[in-house]
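Each chain carries a letter (A, B, C and D) given by its place in the written order, and its residues are counted from 1.
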Amino acid sequence: MARVRCAVVGATGVAGQQFLIALDRHPQFEVVKLAASERSAGKRFTDAIREPSGRTQWYCKEPLPEEFARLTVENAAAMTTDGIDLVFTAIESDAARELEPRFAARVPVISTASAYRYEEDVPIFLPGVNLGAEGTADHVGLIEVQRQRRGWRGFITPGPNCTTTGMAITLKPLADAFGLEKVMMTSLQSLSGAGRSPGVAALEIVDNVIPYIAKEEEKVERETQKILGTLVGDQIQPAPISVSCTCTRVNVLEGHTEAVFASFARRGTVAEAAEVLRNFGAGFSALKLHSAPERLIEVLDDPYRPQPRLDRDAGGGMTTVVGRLREETTLGVWGVKYVLVSHNTRMGAARGGVLVAEYLLHQGTIK
Amino acid sequence: MARVRCAVVGATGVAGQQFLIALDRHPQFEVVKLAASERSAGKRFTDAIREPSGRTQWYCKEPLPEEFARLTVENAAAMTTDGIDLVFTAIESDAARELEPRFAARVPVISTASAYRYEEDVPIFLPGVNLGAEGTADHVGLIEVQRQRRGWRGFITPGPNCTTTGMAITLKPLADAFGLEKVMMTSLQSLSGAGRSPGVAALEIVDNVIPYIAKEEEKVERETQKILGTLVGDQIQPAPISVSCTCTRVNVLEGHTEAVFASFARRGTVAEAAEVLRNFGAGFSALKLHSAPERLIEVLDDPYRPQPRLDRDAGGGMTTVVGRLREETTLGVWGVKYVLVSHNTRMGAARGGVLVAEYLLHQGTIK
Amino acid sequence: MARVRCAVVGATGVAGQQFLIALDRHPQFEVVKLAASERSAGKRFTDAIREPSGRTQWYCKEPLPEEFARLTVENAAAMTTDGIDLVFTAIESDAARELEPRFAARVPVISTASAYRYEEDVPIFLPGVNLGAEGTADHVGLIEVQRQRRGWRGFITPGPNCTTTGMAITLKPLADAFGLEKVMMTSLQSLSGAGRSPGVAALEIVDNVIPYIAKEEEKVERETQKILGTLVGDQIQPAPISVSCTCTRVNVLEGHTEAVFASFARRGTVAEAAEVLRNFGAGFSALKLHSAPERLIEVLDDPYRPQPRLDRDAGGGMTTVVGRLREETTLGVWGVKYVLVSHNTRMGAARGGVLVAEYLLHQGTIK
Amino acid sequence: MARVRCAVVGATGVAGQQFLIALDRHPQFEVVKLAASERSAGKRFTDAIREPSGRTQWYCKEPLPEEFARLTVENAAAMTTDGIDLVFTAIESDAARELEPRFAARVPVISTASAYRYEEDVPIFLPGVNLGAEGTADHVGLIEVQRQRRGWRGFITPGPNCTTTGMAITLKPLADAFGLEKVMMTSLQSLSGAGRSPGVAALEIVDNVIPYIAKEEEKVERETQKILGTLVGDQIQPAPISVSCTCTRVNVLEGHTEAVFASFARRGTVAEAAEVLRNFGAGFSALKLHSAPERLIEVLDDPYRPQPRLDRDAGGGMTTVVGRLREETTLGVWGVKYVLVSHNTRMGAARGGVLVAEYLLHQGTIK
């Protein structure tokens, strides 16, 4: 069976390279084009990421797949969608705003950029949460709205911010079971979340915490309401929940840690909450999509877990790991507090985007 | 004028060494005795902290003061209060439970241990907050209750847990101004808070976060209510506030970072909250006690501050630094959220204890 | 075909756990006994490594294999060799001195301890270097000497110190080609090399280097001469080389980095040296032993490599990675300098020991 | 007495800020001009280092001195020497090559840049080593050669590379005593040595070592020979020593650690070498220059020292700390090996430059 022909735009950056790893020998997607900035254009990928000093800027722990090493990088600004069926973009927001609509006019665009996340007709898919979900919780219908409104043959679907990801995944089953009202969260985010080179300087973060990540808190608050919202007619009604957070950066390479406090309309028990978290996504996992983990959420009893170094790679970085689940009664009538670890460059970025594409292919929206 | 003669018990450990630095060339206190475990007894201090390999276990960044290097360490279990007027203890809780009453029968004991913190007749002093405060907010009267009830000439007064310290200091002026109702906090605690050797193993914390610190959360919740409580008759009535927290350990040498969310009975503005924080403790600072900082609280506008490495040493480690002050309306009707950095081994431990002693000397309880 | 029945002694420690990972679903070795200190005896392995707090002390990044989780841990001091054909030991030197001869009286003992390393009739095997090597460079013959001299049915064969490993592997082909005379080395060793819990305290190593590792330099100097020596009659004649080193500890989790300067009797070129390194061990690799890497040595051209985080896992942690190969004429007439990264808990410890066992099984000494 | 009026060029960068700290309330130098790139020109210093986000880019642990905060930054490219007697430059090599001669035509220029370091008529001053030294070891005479040859009223004198500094200081007394022949060195350099923002990315160095620093090794080898050379007539004859090194970057904020192996023409003892190191620079220290430490070199007996975090601030960062002094006979007939820690942004950069200026003022070359 022929594979879907894909382009990866922004392929030389951290997130772009993560797309390559996620797409390496993929059974359904075949990478046929790589694009990046003009500076890289015309070079073989392996040369595009090599500096004049001889240093190779490859950011993944997996080795660069041979098949991509030899591809010639195109200039993203000049790239056409000729010969491709699908585009994965891993570019800065400004570039995304300009390039993505051009691609989307013809083919689907799966993006890690925030440029279109907050537009009314653009869904922020989180697999198993609002994609492959039941009833109005499933936002897949918004794609058709977007296509018609914009007159596109393709569409744009950005993934959530990497910090939203783990929180929204874990809140979803709790919200369904107990009726979510309020969430407060403090994040301890990893360095790889800071995006493209050079990222956070070592001189800033060694023996330190940085208590602020520009624009992050607003994104998390807004995206959580949208992702947990319902699709009514041609609109997503944001979930009527109150979200407040403080986002910090800590000296960890990969894996965001989040301390979540949540309150609900209905009382439950910690054991019920654990059960609900553990069972979440069974239907989605049963589809056995290539990038899907066996379990979307894992719950640990060891009070010293989850830890980002030990738990970020659970389910190939696609499982959100929860621990320290306790009762929480300060925030509202009843609730729980817990700590989660979510892999910010896997489920929280490129590989999460590939999983979205896999589901849309399975479901028929991507053909 | 003769200085008060002091003993430091547990002098060879991290907190004990911090006492030595805080008491180095102190105008009012003179260290005349050092005590530690039997293993160190009979050795000069400088020999007691030298391992057979030649390695010196001195944990402070300031050099070991010459005057203490030559003192002979006594066996704490056999130490008497002969010739001393005051004892500073920096020992484990089990040892404190046994030794501190023996010392307190005769002289005041300023402790960093938690052993007696939660007993009814034992105050947990925090300078400027419930010591040197006005009216029933001042807990100094509980000392006389303790003495009479226990028949002691001295008394025991433990400092709060290092994580409670910064939070209680910053909540106090806000509570006074707006009526505190609820607090939620996530701490990012430093390595030095883990206490005595060997502390946290490097293999655990490099590229990692540890999401649990045994017994810490309960301490913070309980101590905050007690410290912000009122002394009515011979009892402290805990503040009627709800406190919920998650305590984590991050890869930082010194300085606890805390993300605080607080809600109040009365509405205010962020500007008012900043004003109230900035003005706090002016009266206490005016006493110009030796270890007191110019300001108990500093408020920064740079959104990337406070950072533990940059701000822990503010006011010689005795100033709590606040930043990221924002409005918070998820937790209650009105509130604020902010990030603070507090030096856990200075104000949050030994040097905070010395400041308590300075105030009690000034006020007359220590003579 | 029946697998060789093995015991792992010291199974609960860091190195012992590494043995379990190296032996997980091994085609030739079957772990049938686990032993540790008395404290763990009688517990299932999974319980033996769980602390009262609920914390699990599992130190490997691979999950604990199910098959070992259920085994009951024996008391090493009381363990017999009944029902086993081979013992892997990962215990402290003092314990090794006592226990290993008792096991060796009956079965082969592959050890990570230094207890017997320097005895005349005990070889320090390094696969491909002095095991599976040609002529007098192969030390396997010393086993029979040991057995006869001690009257044992088994034997003891300890692996080299983890810091010796990478250096001796890379010096071997250079020595053969050019005639090694002098070596100077500075190591930047990782934290996991510090052995059992608690290892290096985070407070010591964050933002720091520790310039001394007790007894390490003597071991490296002595072991390198022995491993590169020749077996003449029933004795190993140490290689007539001069070795000088400074061993330091840096803030790296795993993987030792070593800056090596070597001088030779015969002139060559850097290109020849690179060739000789790259080709080394082809014959040994051709045996396709289960734990052997495709290449014993990899040589990188990128001047910014090798880096421990990026290169320690080359060949499953069994390949020594060399970079920065340059000419060196200060030390002697002609030589080279280079930087290597070697995985100290893989090739440099347990998995290197398993590879030794695989070779000895292949060669017939273990049956 | 009127202070010498100075300009600091490149004042907003890391090294420039270090100049400001070194010149804060200096008894002899008064900073009257600050210059930086065009982007900063016309802004008050405090505004020039504040980003649009509100983040202040101040890199020193000491707070920004009030007196400098208010100065207006000039455009370095347009800056004249009007009203100033001396220029301190902390700029990139390319800029230095262009700007420094323009300033030097009129006033002395003390530089941290490497642009002119290797020119024949430019001395690389290291206080106490080749400045304030005896006989032909003192290079101060080269300034007059430079002035005449270039027709300048001022001159340029760059400091050595930060990695050369500690090694050359410690080699000098040993060379004088025993006749230096060969040096081999491996450096473990700190992050602050990587210069201007953004420096080393945290993603590169966490849990890692980088085994290469571009151009560093050549600089160290060449500069050491020049600094230890003799001034014969109007030329420096490089010391006839062979130097070989490997420079690496480790995860340390400040303070370079270097493992040095040195061989000499004449035999001595380790005790003599320690004595010679300890006594070095007594005459220079006796001048009591403002930035000079009490001792240029400190020798520690604790085998676990020096450590960069504990020892970099010795003598205000101006003392080189030596430890692990041992005999070394591999490199030559007789020698020593040792580990040193040198503060790369104090003695190894700006503050070292200020000390050079202080000496030249004392000696009369700067007026």
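As a working rule, a contact is a pair of C-beta atoms (placed from the backbone, for glycine too) under 8 Å apart; a residue touches a chain by one contact, two chains touch by 3 or more.
Just so it is clear, the model here is predicted, and its values are computed rather than measured.
Comparing chain pairs B-D and B-C by the number of C-beta pairs in contact, the larger count belongs to B-C.
At the far end from subunit C, in terms of centres built from Cα atoms, lies B. Measuring from the averaged C-alpha position of subunit B to that of subunit D gives a distance of 41 Å. With centres defined as mean CA coordinates, subunit B is found 42 Å away from subunit A.
Mean C-alpha positions place subunit B and subunit C at a centre distance of 47 Å. Shared contact sites, meaning residues of subunit B that touch two or more other chains, fall at 53, 206-207, 214, 251, 253, 303-304, 310. Contact residues of subunit C toward subunit B in the complex are 53, 59, 191-192, 197-207, 214, 251-253. Listing the residues of subunit B that touch subunit D in their complex gives 53-56, 61, 206-207, 301-304, 310, 313. Those residues of subunit C lying in contact with subunit D across their complex are 182-184, 186, 188, 206-212, 214, 242-244, 246, 248, 250-253, 257, 259, 261, 303-310, 323-324, 328-331, 337, 339.
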